[in-house]
Amino acid sequence: MTTTSIPATVGTDLQDTLVELTDLHLQAKQLHWNVKGRHFRNVHLHLDELTSIAREAADTVAERAVTIGFPPDARAMTVAKNSPLPDAVEGRITDAAAVDHVVALLTVITDRLRERIVRIADMDPVSQDMLIGVATDLEKQLWMFSAQQG
Amino acid sequence: MTTTSIPATVGTDLQDTLVELTDLHLQAKQLHWNVKGRHFRNVHLHLDELTSIAREAADTVAERAVTIGFPPDARAMTVAKNSPLPDAVEGRITDAAAVDHVVALLTVITDRLRERIVRIADMDPVSQDMLIGVATDLEKQLWMFSAQQG
Amino acid sequence: MTTTSIPATVGTDLQDTLVELTDLHLQAKQLHWNVKGRHFRNVHLHLDELTSIAREAADTVAERAVTIGFPPDARAMTVAKNSPLPDAVEGRITDAAAVDHVVALLTVITDRLRERIVRIADMDPVSQDMLIGVATDLEKQLWMFSAQQG
Amino acid sequence: MTTTSIPATVGTDLQDTLVELTDLHLQAKQLHWNVKGRHFRNVHLHLDELTSIAREAADTVAERAVTIGFPPDARAMTVAKNSPLPDAVEGRITDAAAVDHVVALLTVITDRLRERIVRIADMDPVSQDMLIGVATDLEKQLWMFSAQQG
Amino acid sequence: MTTTSIPATVGTDLQDTLVELTDLHLQAKQLHWNVKGRHFRNVHLHLDELTSIAREAADTVAERAVTIGFPPDARAMTVAKNSPLPDAVEGRITDAAAVDHVVALLTVITDRLRERIVRIADMDPVSQDMLIGVATDLEKQLWMFSAQQG
Amino acid sequence: MTTTSIPATVGTDLQDTLVELTDLHLQAKQLHWNVKGRHFRNVHLHLDELTSIAREAADTVAERAVTIGFPPDARAMTVAKNSPLPDAVEGRITDAAAVDHVVALLTVITDRLRERIVRIADMDPVSQDMLIGVATDLEKQLWMFSAQQG
Amino acid sequence: MTTTSIPATVGTDLQDTLVELTDLHLQAKQLHWNVKGRHFRNVHLHLDELTSIAREAADTVAERAVTIGFPPDARAMTVAKNSPLPDAVEGRITDAAAVDHVVALLTVITDRLRERIVRIADMDPVSQDMLIGVATDLEKQLWMFSAQQG
Amino acid sequence: MTTTSIPATVGTDLQDTLVELTDLHLQAKQLHWNVKGRHFRNVHLHLDELTSIAREAADTVAERAVTIGFPPDARAMTVAKNSPLPDAVEGRITDAAAVDHVVALLTVITDRLRERIVRIADMDPVSQDMLIGVATDLEKQLWMFSAQQG
Amino acid sequence: MTTTSIPATVGTDLQDTLVELTDLHLQAKQLHWNVKGRHFRNVHLHLDELTSIAREAADTVAERAVTIGFPPDARAMTVAKNSPLPDAVEGRITDAAAVDHVVALLTVITDRLRERIVRIADMDPVSQDMLIGVATDLEKQLWMFSAQQG
Amino acid sequence: MTTTSIPATVGTDLQDTLVELTDLHLQAKQLHWNVKGRHFRNVHLHLDELTSIAREAADTVAERAVTIGFPPDARAMTVAKNSPLPDAVEGRITDAAAVDHVVALLTVITDRLRERIVRIADMDPVSQDMLIGVATDLEKQLWMFSAQQG
Amino acid sequence: MTTTSIPATVGTDLQDTLVELTDLHLQAKQLHWNVKGRHFRNVHLHLDELTSIAREAADTVAERAVTIGFPPDARAMTVAKNSPLPDAVEGRITDAAAVDHVVALLTVITDRLRERIVRIADMDPVSQDMLIGVATDLEKQLWMFSAQQG
Amino acid sequence: MTTTSIPATVGTDLQDTLVELTDLHLQAKQLHWNVKGRHFRNVHLHLDELTSIAREAADTVAERAVTIGFPPDARAMTVAKNSPLPDAVEGRITDAAAVDHVVALLTVITDRLRERIVRIADMDPVSQDMLIGVATDLEKQLWMFSAQQG
């Protein structure tokens, strides 16, 4: 039983997760710069934490993919074409709208993560445990951003 | 004399720089994961340093753009469409090819940076000083990667 | 598949764990202050580590509960009414008796944790993974305190 | 003149303070988890600082009590029965309501602390100095939470 | 070519900057203490960061002045008489009014800094580079406080 | 018994202390920049420590004032008008003269502090304890600067 | 349900893992000292990281074994007799041969770990989670050493 | 009201405290080296903490003495002649005897400290506050060593 | 005079020391996991310090061996065959027995080290100085473990 | 526009600066060891700071030279032959003479730096910015050493 | 060959060194508090460094003594009776006199240390190496204090 | 027996060592900047570690020289004239040639160091121990660079 015998669907799930996490950290920075409103500072700082979480998770997932034999791809065009996330609006954005958008982003990602966690459980427990770790962090962020929706 | 009177071309130059730096940190990570060869570890670690430099520079430049009234845009599609950088190949890549590709990326960016530094000198010395700082770091990396070309 | 579709029993298990962990950190501090005997310093310091572990675990579990839609409750009266843990004696306590009491506390908690880990496995792998992490730490403490029973 | 000749009322005052501080840190955490609203992040973080202050103060006061010969008691039932603090509501709570509740908690504790500081001044200057230190921190928090009441 | 041949106007520009930066850090602290409102904590913390930036910049500028032969002067009376900044109101102030006042202060200072940066460019590139550094930081703060104006 | 029942004279004493501490840190920096002589480096560094002590003490005292209901005021004009401290000379100053001036400043402040400590003892033990802390630090500095007078 | 009811096979699996991890850290050090070649420094440093990972994993696994009632054994003779790993050659070794040997070691260990992870899943989820953590780290190292095989 | 008007008795009390604290840190080290018995390591480490506390307290008290005009004296002969503390036995000592001796030392010092705290309250509140701080730490140590007496 | 002219006996002495130190750190960990008794925590922690000391010393000695041209060998079988140390018992061990065993181990190693220090003094002062450093640390540990023998 | 099109005079200016900075850090250490006099400690410590500044600046300048295609040369003979700095006297030197010598060294270097900053402004703004940074630090040191000339 | 066979003269030499080092750190602190003069701050800080060096050396030497079977003795009376060092004068002392006294102290100690280093070389190389380490530090201090004698 | 009675040959040996170490750190930096080739990064980083080791050793040796009465001399011309080391080539250098040159440098220095260690053993054990420390570090580097020669 070796890492090379892991089914390709695990690699696909990791690649899809990588695309979503990359889009997430690019969008989190995008909002971090363009947000405005009375809550600017709180949302601005919070988005930087989310960026760090997403970047670290993307790195972990990508390195797992190459470990099991699937070269990861997080180039701009790949992300632009394949990400299922709703896109951030262009230009400045109010703090409330930024929070709403992050909630939307995290809802999509965590839903898809939970499906993958079930799907790959028996195929590769190591990758599953890694995705559980990512879901743990993102679902916590989902709570924290949702809690700001008033 | 206020930041609001700065010519739009400065904003454009910052936005273009942001796109290039974002593409750079995405590609640096892409190579970081996919590189292989006898020099794997050195190139792998070096690419992580380059990623950090590019990410920090992108953040600095984007915040300057919004400071002078130009909302920055580094979303995946914007980067995919507008970046002038050659794209990394898909999949695994040898260490020598990775180094060659980084040299190509940095050559394009530093050449364009030097032109912008001259162009905006009289329009906004603060932005100019910032781009000089970015060029200082990237030209040093260009030397260090070129020195590995044998 | 969303966090809002997680069965209520997961929330109940997290809430019950929170009550036990809160009682644990309150009792660990209680013993930390009241212990005496030749082994005072060792037990006193060890109990402070246990307090930290229990407090951090309680925080993690409570935040997971609210994340999946179940408001946690660790107020004094809630803990006093609902905790299944044996209560510490009033006043000063010998080092040997303190160690025995901690072993009793940890035995109750880890037994219940192991049942919950099995019960919620299919309902919410994220919460399960979190409880496994808590059990890992507390079972290790159980070994370390038991080892002192001579 | 020894620590063993300190009047029992000092021990009682320390014990009462311990009960209040323990209730405070349990309630601060309770609100930390259940708060929601536009100001969620600020209040959530602020409550964690308050929890740390209350926990450290409780530890200091309890160790002083045992030092002068009065075994401290901060078990859940003792706190539930004896705390004079108003109880936090069950479940989620708005940020404004959470701030109001903290102001109410701190008002009760600081008023009682100031009375004890006067009462034990001549009986035990060491304990008095300790309670002055606790009051210094909690009255500062009272200002900071009150300042958020608009 | 020596530092002693630098025109007196550079010294004057540094001295004027020093007065403004000193007034800025005194007023930032003044608001830090007196602010109130729902956004108290965020504005309170943000003002402390501004105080640190202004104090460090004042120190740098004053040491540059003495380096080129102009003894700096930032005594209370000198600042009170010569500062061009609008004065903070006496007593408590709402969070919105505090933010507005900081925006007004930073607008005055950054406008004057940009004029000086142009004026002394050929006289003393070292002092110019220093003022560019100060402007970089303060213009960034101007963006961040403006972004909170709703 | 609440913080709101503290006599106004305590607020006045805190405000007067704040003015003196602010003048002290402005003058300490003034000397830090303008001092010269064989002992330049020692006095220059020592004055920076004094600046830090005075700034931290000013912040503590100002926050206590607002805590007990008296809005603090440390604006440049307020300090310039109300400070009882002798003013530093304009321009460069010898190391010996700088030391003498600091001794004069600290003598005035510590004398006034000791009077206030006695006066407010029964009115507000928390504020008294705070002023004792400030006096502890400044009297130690007074010794250290006096010891340099030869 | 208690830790004492865990099947003996879990203890055996932990003990076998401990033997392999101990052999791994001894061999990693062996190569760390004896490696030579143009890539000496990279391989030398990389082997030290592998040693640390293996030592920490061995400690974690051994403490888990004793926690569930199976005294761990990692004495030299036990390791020498029972380890399934191929042995390092005696004396100096080229960098390429060292990398090949590490790949061989990690292939054996990770294959066996993956079997154990499946086998003990239902017997002891805590031990399983621990072995998944070990596999996560070692499979990542397997990728990184393999990537150096050219 | 100046530090120079403080009654000589305060200086005497500080000097006496200094002698006792110096004897304490010399004896704590003496026991730290010579202790033996099953509890060696705990007592050995605990005595090092006591040494640090006594040394820091001695430094604080001595600097206060010189600050109020009384040159401190902690030379070996002065300590040997004037210390009221019982002397440690020569040579190796059992852990139980070492703990008993520390309890005896701390009982003498804390009793004397409490008398001084009352005596100098009105003469010099700064020195009083300092001695209260020393008593706080030493009485806590007295509890911790007493608790080891079985 | 070069490192290559150092007599082979120095290499042999370093190799023998390496074997002993490796056996020591394996056995120290073995006891660290299997110890039990009232003094568990102290002995458990102390053994971890001993492990670190032995591992660091082993690394230093092995690197010295290769430096002077003798490839070191600390593979499990080499250690198992060649170590002169008495072997730890299998399974759990009481704290007193563990301490006795460590004293036995350290007595053997330090006796042999002292002989080597004399033997190689004139052959290689650098290696001698290194062994003196190892002996310094181990003889100190010998004292500390012996002191616990009651 | 590339780094390879930068005029050779920039390379020459960087090389000349490197020679001066290397001579400066060698001489600063020379004085650091040989200084004597009542101000020994201050001058000794100050010279170590100057050494660090000069070494870091030399490294930065040398790496810039190679970056733009001019191999730097700071070998002892190159420095000995080409440095325009006055040489330190042989043997011990008084503190006053050491300060005078440093002032002479820094005067030569900063004068030459200011000329280069003007000369290369249009040829290579990146190198210019770097030399401005070096001048900023060295002119500050020139002030600080001059201030000690009495 | 064991530590128990080391000649008694080594123990005597360590004990004598301990007495001198203890006297040294007591006197260094004594001067640290009582020094005055234009160089106060430098000498005051330097003496604190000397205190730390002497205290750490005393601890090392004392632990070596007990390691080889000679219980160390650094009680006040032992030091007062046996120290060969000249005693510090009572009361305040000028900076120049303090430096002279330290030079005298260090001259006595280092002379005696050098004799012991020769005497015990063949008896106990470990103790010798330790005394060489102490001499290295103290002779360096002797140079640094002598250099201040003008 | 004093440091002033140490034979002049010890001073000469320290001075010669200082010259060699200074040449070493200048050449190590020279190679650090000019190296190129596939192994650039590893050799570049390794040379920086060597520079730090050589600089720290030079400082230690120079301070020892002045301590025993021989003023050290590491000025550029002194090093250029007196260093026995082969000189680095001018301009860029391949990684293999750089490694070969470092091996040549370290071979010369360590050979000479070993002779001095024997020669001064009886004259000054403190200086000898210091040179042994330098040799320990440089011989280890010699191994590490030699190991890269393929």
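Letters A, B, C, D, E, F, G, H, I, J, K and L mark the chains as written, and numbering starts fresh at 1 in each.
The definition used in the following text is that a contact is a pair of C-beta atoms (placed from the backbone, for glycine too) under 8 Å apart; a residue touches a chain by one contact, two chains touch by 3 or more.
In UniProt terms, the chains line up like this: A, B, C, D, E, F, G, H, I, J, K, L = Starvation-inducible DNA-binding protein.
Being a predicted model, the structure only gives us computed values, none of them experimental.
Enquirer: Identify the chains adjacent to both chain E and chain I in the sense defined at the top.
Expert: none
Enquirer: Contact counts by the stated rule: is the higher one at D-E or I-K?
Expert: I-K
Enquirer: What's the rotation angle, in degrees and to the nearest 5, for a C-alpha fit of chain D onto chain K?
Expert: That pair's rotation angle lands at 120 degrees.
Enquirer: In angstrom, rounded to a whole number, how far apart do the mean CA points of chain E and chain F lie?
Expert: That gives a centre separation of 23 Å.
Enquirer: Please tell me the distance, in whole Å, between the geometric centres of chain F and chain H computed from their C-alpha atoms.
Expert: So the centre of chain F lies 32 Å away from the centre of chain H.
Enquirer: In angstrom, rounded to a whole number, how far apart do the mean CA points of chain B and chain D lie?
Expert: 52
Enquirer: Report the inter-centroid distance (CA atoms only) between chain F and chain K in whole Å.
Expert: Spacing between the chain centres: roughly 40 Å.
Enquirer: List, in ascending order, every residue of chain L touching at least 2 other chains.
Expert: Only 39, 42, 63, 66, 129 qualify.
Enquirer: Between which chains is there touch?
Expert: A-B, A-C, A-D, A-E, A-G, B-E, B-G, B-J, B-L, C-D, C-G, C-H, C-I, D-E, D-F, D-H, E-F, E-J, F-H, F-J, F-K, G-I, G-L, H-I, H-K, I-K, I-L, J-K, J-L, K-L
Enquirer: Give every residue of chain F touching chain D within the complex, in rising order.
Expert: 1-3, 63-64, 66-68, 125-126, 129-130
Enquirer: Under the stated contact criterion, what part of chain K meets chain J in this complex?
Expert: 39, 42, 46, 96, 144, 147-148, 150
Enquirer: Touching residues of chain J toward chain L in the complex: what are they?
Expert: Residue positions touching the partner: 22-23, 26-27, 29-30, 33-34, 58-59, 62-63, 65-66, 71-77, 79-81, 83, 87-88, 90-92.
Enquirer: Spell out the residues on chain G that touch chain A in their complex, using ranges where they run on.
Expert: Residues of chain G touching chain A: 107, 110-111, 114-115, 117-118, 121, 128-129, 132-133, 135-136, 139-140, 142-143.
Enquirer: Hey, which residues of chain B end up touching chain G in the complex?
Expert: 35-42, 44
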